[in-house]
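Inspection log for the structure reproduced underneath, given as structure tokens.
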Amino acid sequence: MADYVYGPGRNHLFVPGPVNIPDPVIRAMNRQNEDYRSPAIPALTKVLLEDVKKIFKTTTGTPFLIPTTGTGAWESALTNTLSPGDRIVSFLIGQFSLLWIDQQQRLGFDVDVVESDWGHGADLAALERKLRNDTHRTIKAVAIVHNETATGVTNDLAAVRRLLDAYAHPALLLVDGVSSICALDFRMDEWGVDVALTGSQKALSMPTGMGIVCASPKALEASKTARSVRVFFDWKDYLKFYEMGTYWPYTPSIQLLYGLRTALDLIFEEGLDNVFKRHNRLGTATRFAVEAWGLKNCCQKEECFSDTVTAVVVPPYIDSAEIVKHAWKRYNLSLGLGLNKVAGKVFRIGHLGNLNELQLLGCLSGVEMVLKDVGYPVKLGSGVAAAAAYLSNYTPLIPSRI
Amino acid sequence: MADYVYGPGRNHLFVPGPVNIPDPVIRAMNRQNEDYRSPAIPALTKVLLEDVKKIFKTTTGTPFLIPTTGTGAWESALTNTLSPGDRIVSFLIGQFSLLWIDQQQRLGFDVDVVESDWGHGADLAALERKLRNDTHRTIKAVAIVHNETATGVTNDLAAVRRLLDAYAHPALLLVDGVSSICALDFRMDEWGVDVALTGSQKALSMPTGMGIVCASPKALEASKTARSVRVFFDWKDYLKFYEMGTYWPYTPSIQLLYGLRTALDLIFEEGLDNVFKRHNRLGTATRFAVEAWGLKNCCQKEECFSDTVTAVVVPPYIDSAEIVKHAWKRYNLSLGLGLNKVAGKVFRIGHLGNLNELQLLGCLSGVEMVLKDVGYPVKLGSGVAAAAAYLSNYTPLIPSRI
Amino acid sequence: MADYVYGPGRNHLFVPGPVNIPDPVIRAMNRQNEDYRSPAIPALTKVLLEDVKKIFKTTTGTPFLIPTTGTGAWESALTNTLSPGDRIVSFLIGQFSLLWIDQQQRLGFDVDVVESDWGHGADLAALERKLRNDTHRTIKAVAIVHNETATGVTNDLAAVRRLLDAYAHPALLLVDGVSSICALDFRMDEWGVDVALTGSQKALSMPTGMGIVCASPKALEASKTARSVRVFFDWKDYLKFYEMGTYWPYTPSIQLLYGLRTALDLIFEEGLDNVFKRHNRLGTATRFAVEAWGLKNCCQKEECFSDTVTAVVVPPYIDSAEIVKHAWKRYNLSLGLGLNKVAGKVFRIGHLGNLNELQLLGCLSGVEMVLKDVGYPVKLGSGVAAAAAYLSNYTPLIPSRI
Amino acid sequence: MADYVYGPGRNHLFVPGPVNIPDPVIRAMNRQNEDYRSPAIPALTKVLLEDVKKIFKTTTGTPFLIPTTGTGAWESALTNTLSPGDRIVSFLIGQFSLLWIDQQQRLGFDVDVVESDWGHGADLAALERKLRNDTHRTIKAVAIVHNETATGVTNDLAAVRRLLDAYAHPALLLVDGVSSICALDFRMDEWGVDVALTGSQKALSMPTGMGIVCASPKALEASKTARSVRVFFDWKDYLKFYEMGTYWPYTPSIQLLYGLRTALDLIFEEGLDNVFKRHNRLGTATRFAVEAWGLKNCCQKEECFSDTVTAVVVPPYIDSAEIVKHAWKRYNLSLGLGLNKVAGKVFRIGHLGNLNELQLLGCLSGVEMVLKDVGYPVKLGSGVAAAAAYLSNYTPLIPSRI
């Protein structure tokens, strides 16, 4: 069978991952297997490892392209740099930071959880207190999500670095950039991030299956003594094969390698900073729509608004899960559910990855109809109008097209 | 590079052909060549020839899948049924009927042109007069477009048949269904159409390259004596190979055959009549938007409104070609130009083929922004609101999805 | 259903067209439709029209990329340059030259057929006699296949040109290059060819659907006065759109345009002359195998041996159609049938297009097993050994790979 | 450019993984991302989990489709069933069993290594001694590769089970089926295998990226108390989502799910037991060729000959790495290197996955030419002849095709 549930026209994919894959990437991946020990794949890998550093804005980092998901990338970041019992200060601000913390605990670390109400960013004041009091340097790492996908909240990583520097604290800075890297400005070197990571199916706009982890020299150094048990995720095996020039300790997906090549080509052609600006515009437009509908952003502070995902709070008399279900069934529109504490209370619009204005406006028009269908007194067209008014005012980003 | 002009996100394809190809069709065509003389291709062809009759609503017709375009399909219809000098009554109501008439003239027929103002349908009163006066049965064929793609006007074929019957006129009825078949209800047998034709890149939602021509028994009979010169387009060669069970007088596109298989599967899964209803809804929604913008439909009569393409008249102070150009460059939105007599005066929104509501609303939001950008005082969101209000009220068409 | 007849592993496609498509071409064609009136498609077309001239080795010719097959390309060549009743000297040396002659006759030309026994090349002595006697210049064109696909015979076009020049004869030289261009050295300008043509599914290694026709300045001049009826195939319409820079009188296949772009890229990367050499090597290897099997080449003269297809004569007690049928059913190997006069007497191995040594040797090993299965006393491995001995001796053609 | 090293024609992929992907699987994977939380993906997953059990021949097992490689699948098998310090009897018979043992040691188990000379199978006599002596039941698991990919040796799993049963030993039986499952008869339930695993890029003939692990009820029970640290690979998380009917603890590759659907469809259409027979025939044919060349199989005992990979021993004066390098550069033929102890001494021909006779014979003809090129006195055609003589004698396996 061609598909499990068929409907005419395209699916409108606005979950915050997996995201829309650009056609050139689909084309590049439409291929046979190859021997990864031939001269061709190492040659390809070599340039990919150089180029992928650019999306982290690092020149000193060492990237790993691991056949895994974001969850595996998390595990790679933790087990390569820390030993069982090590203290991690970790921020709980939503479902994905929660899941990471759960992993940290199950991996045997001593997790010092700093919780915020969902919808707020990381509590940096609490971090400051902990750093100030940590005279014995028991904090081995600070773990933080750059962007909390469940609530649409972006944390201020530069501020985290300033605090660490202010206290000259040697803790490693481990960052989940799953829903930020390639969409939000991410500055690994400038911010002194020690491990940053993302997944291929997020803003890189590829299929799922590649966890991309980048380690600072300090993180690499830490990996030499970290005693966490690891094999599949062990950087050491990768580094050994990097040294030999064959690059792969085990079999990579040939298709994802060519897909990454094209995904990077497209990002560089648009310009990484233009990609960020585009995300900012689409995010801002979405927020104008939400405002026009009379609904609230789950994210409580404007400076934390996420340009990759907006969690929209629905009135108490509506179950947000109904919105998501109806959107998919009736309009072939995929929206994100509210998770855990905000289940039933928010739905999420993912606006990250390879997207343009009219795709977003189509989505917003769908959300309006869904809101109406579930009994919310929305004025049809209001959100689209607000978003379009904003979008039609800005200068186009791609001169070559104009 | 793979693409000549890159922009992030998808192209929004709303020309009235070529139209959006559904992903399952693209997948089905993603394949190697095969020997068309193997047992597999005739087996596939045999069922295709049976199934393709359904889109014409014919049981008695004989279809031909010709490696050509709509222009070639026209030529096939004419040269197989008529002899040089034969009189054809032909309706000129827009650019595509004009081009067909030009072809008829160049092929050496005696074309009796019945012209209407562009925006009006075929002048059937004129046809009636001609039939009434044609006591010597000099009219060998009536040639008509079912849907004029340039102006968005749908002709009433049942009425044409009634006139021919009223005068018991033996003229062949030749119909261009290029922008109607698989989108507008088309009843070859019921309407006594003798040759009907379409192209793969229209409502069938495939790539260009297959001209699909269907001949009634009367048309086949006529082909035995028609003296127009033809070889490539000669039905006789096809019929000879049909007889042998090998089907192809020359090499078909293997990819288009598998594409057609899947395109038909999708149409039958949705239900052909549901496909028509969907087109009616998207067409109606588009007209509501045009009205909300304060613009006029090029089509002058409501009963002729086309459910596959809407030609929108712009105010005299705007050049519609600028709209089309700007839409493509700024929003990656492809609209249709005004052609010939209506060049500069109309732009066209194609809403045929494998499309759904949110794709259309995305397009309409884009048209609004473009109208604003070129200086037309449009209220952003107004067209989307009008279209959405209409669309959100109807009953979904695909129960399985719900 | 995925396929009409499934078997594990790949199909081995060795008919002389359609041929194996290289993966990069399949990838390039794995795409959506686009508006062919946008700025992108004319930009693409413009460079394609320049680049495609290289495969004809012409700088003065004008190419046409027609949505049709080889049969349509033939019709385009004839109807654009000649008028009904014009005398054509045409060589009948096999099924495809026969079909072209049939077309010439049905199009109303006065065809002066020069027949050879099948397996022989064009009878140039007869041509010389005709030219010598044609003092009134009644011969308007000489029509010849460069390579007769049915018998594996390559004609000497340079010799034809020498004859025309020797008699200063103004007849147009019309050449079917369907199974030669991009595989055999073809020199349009040097040989004074007036119209040359091929099909996309032959040595260009693309799907079927594009007839590529190239006209000399003299042919273009002739087209201004040629009175054959034509519309779909009329060069005039193309030239009008070339002039306007929009290039297309009707809708092209977007997919085939991108496919052609990639097909040409691959040919130019390998080097057109290297492509010819590769064909010569694979053709020679095939002939060594045939000899080792103790079978005869249908082509009677060594200087006419075709490097794109070998027709192999089977002993009288074997029906060659059984070989083709068994090869497909038992080994998933597609071979070419014997046609018309040589039906049952020969089978054909197509060795044109994007192929390499091991593909051919796999095919030859299959032919050996089939020969054994149908009762021919072949020594298994003998043909492969002979072919391999030859192939393993030559210098590799692609230094970059080595 | 899309490819790093271009050559005309296809790559001949005969490494023992990744293997050739059938075209229908490539087509099925040629697709957009989807929301894995929509109703469609769980519906697809549910049937996949049922169907995938068939390739393990289990009805009681629980499968996990993990976004990882074989190395990750190993880790999943070990960490879910065992606790640090647990004693594992593990057989070292080649590079892949060695790597698994290395992993076992690094994960903190007490590995009791039973080594054989490379080229021999697992030393079951040693196992018997250990079981006999293990009165305190200190052996918690027996870990064994079904097929050692480095040497082409297949172990006798039924014999292992008989030994465990003979001593009524409760040790878990953990089996690496990476280069066997879907190619060699594998009977999880009958042989009492507790964890079996494979990777998508092996005999399933898909891209790399899915580790397929199947756990017996006893293994699942063990996982409740196993204290090895694990999160990404933890079965518990999968089981929780199985229970909820949403199936995925983290994001799966949509493309691989549809690919698996088609891969299984093809295997079931051919018939799993026919797939095994096909592998036996291709493996046997390869061994006949090796014998004809006068070379030795690295595998020392006929009853251990592998039907998925043959490691061929080269004479001491030839470096087998040169053979692999030359095959790729000169003939676009990918062969497997000799690894570790047999580096330079063997090269490997992978004959697993979606392959047919002529593909293999093409490969063998290439190996012959390479052997000649590197100075081995091979008779060209001899291996092909021996293999073809064997292959052409057997009854075809797919009646529908015949």
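Per-chain residue numbering starts at 1, and chain names A, B, C and D are given in the order in which the chains are listed.
FYI, a contact is a pair of C-beta atoms (placed from the backbone, for glycine too) under 8 Å apart; a residue touches a chain by one contact, two chains touch by 3 or more.
Just so you know, these numbers come straight off a predicted model, no measurement behind them.
Participant: By the touch rule set out at the top, what is the minimum number of steps from chain A to chain D?
Facilitator: The fewest touching-chain steps linking chain A to chain D number 1.
Participant: Identify the chain pair with more contacting C-beta pairs: A-C or C-D.
Facilitator: Ranking A-C and C-D by C-beta contacts puts C-D first.
Participant: Of all chains present, which has the mean Cα position farthest from that of chain D?
Facilitator: Between chain D and every other chain, the largest centroid distance is to B.
Participant: What is the distance, in whole Å, between the centres of chain A and chain C, each centre taken as the mean of its C-alpha atoms?
Facilitator: 53
Participant: Measuring centre to centre with CA averages, how many angstrom lie between chain C and chain D?
Facilitator: The mean C-alpha positions of chain C and chain D differ by 44 Å.
Participant: Where in chain A do residues touch at least two different other chains?
Facilitator: Residues 3, 5, 20, 23, 26-28, 30-32, 329 of chain A each touch two or more of the other chains.
Participant: Taking the touch rule as given, give the residues of chain C at its contact with chain B in the complex, in rising order.
Facilitator: Residues in contact with chain B: 3-5, 11, 13, 15, 17-21, 26, 28-41, 43-44, 67-72, 74-75, 84, 102-103, 106-108, 199, 201, 207-209, 228-234, 249-256, 258, 328-329, 334, 336-337.
Participant: Could you list, by residue number, the parts of chain D that touch chain C in their complex?
Facilitator: 2-3, 5-10, 12, 20, 22-24, 27, 30, 262, 265-266, 269-270, 275, 278, 329-333, 354-359, 361-363, 365-366, 368-369, 372-373, 379-382, 384-386, 388-389, 391-392, 396, 398, 400-402
Participant: Could you please specify the touching residues of chain A with respect to chain C in the complex?
Facilitator: 23, 26-28, 30-32
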